[in-house]
Amino acid sequence: MFSITVRDHMMVAHSFRGDVFGPAQRLHGATFVVDATFRRPVLDDDGIVVDIGLATEQLGEVLSELTFRNLDEEPAFAGVNTSTEFLSRVVADRLADRLYAGALGEGARGIAAIAVTLHESHVAWASYERSL
Amino acid sequence: MFSITVRDHMMVAHSFRGDVFGPAQRLHGATFVVDATFRRPVLDDDGIVVDIGLATEQLGEVLSELTFRNLDEEPAFAGVNTSTEFLSRVVADRLADRLYAGALGEGARGIAAIAVTLHESHVAWASYERSL
Amino acid sequence: MFSITVRDHMMVAHSFRGDVFGPAQRLHGATFVVDATFRRPVLDDDGIVVDIGLATEQLGEVLSELTFRNLDEEPAFAGVNTSTEFLSRVVADRLADRLYAGALGEGARGIAAIAVTLHESHVAWASYERSL
Amino acid sequence: MFSITVRDHMMVAHSFRGDVFGPAQRLHGATFVVDATFRRPVLDDDGIVVDIGLATEQLGEVLSELTFRNLDEEPAFAGVNTSTEFLSRVVADRLADRLYAGALGEGARGIAAIAVTLHESHVAWASYERSL
Amino acid sequence: MFSITVRDHMMVAHSFRGDVFGPAQRLHGATFVVDATFRRPVLDDDGIVVDIGLATEQLGEVLSELTFRNLDEEPAFAGVNTSTEFLSRVVADRLADRLYAGALGEGARGIAAIAVTLHESHVAWASYERSL
Amino acid sequence: MFSITVRDHMMVAHSFRGDVFGPAQRLHGATFVVDATFRRPVLDDDGIVVDIGLATEQLGEVLSELTFRNLDEEPAFAGVNTSTEFLSRVVADRLADRLYAGALGEGARGIAAIAVTLHESHVAWASYERSL
């Protein structure tokens, strides 16, 4: 199995609901360093998984819809905890939608899975992986 | 599949038995930067894999039983080589025991697997992954 | 010249005032991975710059007054942009105050300078260095 | 499942053919930081996956055949794009050949899979994993 | 003293002349992960060293003149070894020229020094620092 | 001012004397990831600070005298605490001795300063810098 991964980041404010979160129930923030991985069993006609430039561009587009915002005020996330693991899925699903729409190129249709990791600090990160 | 990972470290002395280890047969030491990963297919009622604070605390507890020690003198490791891969399993198994005992919270019972990586330097690391 | 550095982090919300900040004028957030460095020309009687455990503990205390908060609502920062470089100075000055108060031990009075670096992402960081 | 990973690097020139590559169609270069991972379900008689020293040595041998070269002029790669994902497979396959030839020791015959990751920058990397 | 640093990268081919370089006399390549640091004793009217967005943009402009090229064929580098330390100076000097030309904003005229670090691998890097 | 830095590591056992060290008074160990930096105001005739290959080789020689040992039993360190900052000086001084003896090449005689950083974990490191 082959894969490529590209990295970018977003900077958001949010708060959590639930005693388990302790002080993170207060409005705070995070830089999420985001790694998006694309997997496939065979390379495309150009000898690649997907163009790294195109993957970087599309990841940037997905993150531009989230960064420099207070996620507590985003209608898309009303009533949910925007935990690191939850946001990993949001990014993965939005990349999958873009892939299905052709934004990652025709060759990218051979991609079998997407995994997204969000690093919230040097000592904690979360991931979500899904098939296509 | 979702996952979260938390990082901590321990600093131990030990030596190895067997010609394959060369100079590492002498008493020496290592800092192990330890990454503990918890995986599950669906998030719990709070929208998380497991509380990152609780996971960090429990990893710290497990490592406090190992750090600042000469592992050659630990009865638990008598007669075995405390290689990086072996110690990865020790940490993973002890985290699993704590999870079964409820120390990671009731929601954590939905965790399907634990993976532990021990980084022994910037150029070598080992992992062990097990299901629950 | 000798130095030791310890690392911790904080997670805050804030916003900036000024056209130069573009979308960062909106309420957003950041994880700051914080490196605190202590410098001195000669080691103390124990052969160290300052105890790494004590330095880590005091850095943690300073960050506990800032983390999991919306800095826009902190009276101490009213009317200022809590930029990464500004916050580097805040942390350095608060560590200096603690050092002067003896919280880093008597030996630490030989420390000549403190430098603090705040990493706001994998591609941007800021520092402030001051003498004591 | 256990694994160990060792890291080394190579520095090569190359160019790509295909419009998708944009400016990377020009002769350029890359440092590839290379992580080679060996997996097996049970440890060998010494309590390890494979000797880290031996794995490092063999990875170094494989990379010495590639580094400080213009890959466009290597007969082995005539007519193919030496993309990061393609080169990940080259390194993995050559390590597998060496393992089959006994260069990683007799105990290494229990290794079940090899994964190789090539980091082309701080924001992009590729991997290839194969069973043995 | 305050500073901010921004990171980007470039991917180049080149070769060296001189026996000391051994196999690096052959045409090869490198990814240089580039850190550009700007220092000043007091912050500007916005409470910053220089806008991180603007610094990132200008570093990107400087690197776009170098990346995806064979430096052996660049007239600007005829007859010199484009070593990592030499290229650090090239990037620093070009950033200084842009700063003098106003490309980093009027506030940036208070910057006192620029330092540039080029990481050629995970185990080697070079820097050049100059005053303004 | 120019500099180059090379990285290697060592793995040692040791213990500390003094109440300030708490549990580190017990025999334990550490991996020290070692960065050796060489500074000079002008490049040599080859356009470099010092050959990176030669610097890496000499750092490796210095570390080979320390690694895979119990530092408590080294006569050179009798009666002293082999703290991270102390060991940074040991490595810097031994590199300086080698430079004076010509082991870094004739061109290296223009080097003005050596700085050594020892990383004892992902959250703590120490440095020593000296002029030549």
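We just call them A, B, C, D, E and F in the order they show up, numbering each chain from 1.
By our rule, contacts are C-beta pairs under 8 Å (C-beta built on N, C-alpha and C of every residue); 3 or more make two chains touch, one makes a residue touch a chain.
Everything numeric here is computed off the predicted structure, so don't read it as measured data.
Listed here as common contacts of chain C and chain D: A, E. On a Cα centroid basis, the chain most remote from chain F in this structure is A.
Of all residue numbers seen at the chain C-chain E contact, under half occur in both copies; the interface is built from largely non-matching residues. The equivalent interface to E-F, defined as the listed pair sharing over half of its contact pairs by residue number with it, is C-E out of D-E, C-E or A-C. Between the CA-based centres of chain B and chain E the separation comes to 40 Å, rounded to the whole angstrom. The centroid of the Cα atoms in chain B and the matching centroid in chain F are 30 Å apart. Shared interface positions of chain A, i.e. residues touching 2 or more other chains, are given as 7, 120, 122-123.
Within the complex formed with chain E, the chain C residues making contact are 16, 18, 20-22, 80-81, 83-86, 88-89, 120, 122-129. Across the interface of their complex, chain C is touched by residues 7, 9, 11-14, 23-24, 26-33, 67-70, 120-123 of chain A. Contacts from chain F toward chain E in the complex involve residues 1-8, 43, 46-49, 51-54, 56, 105, 107.
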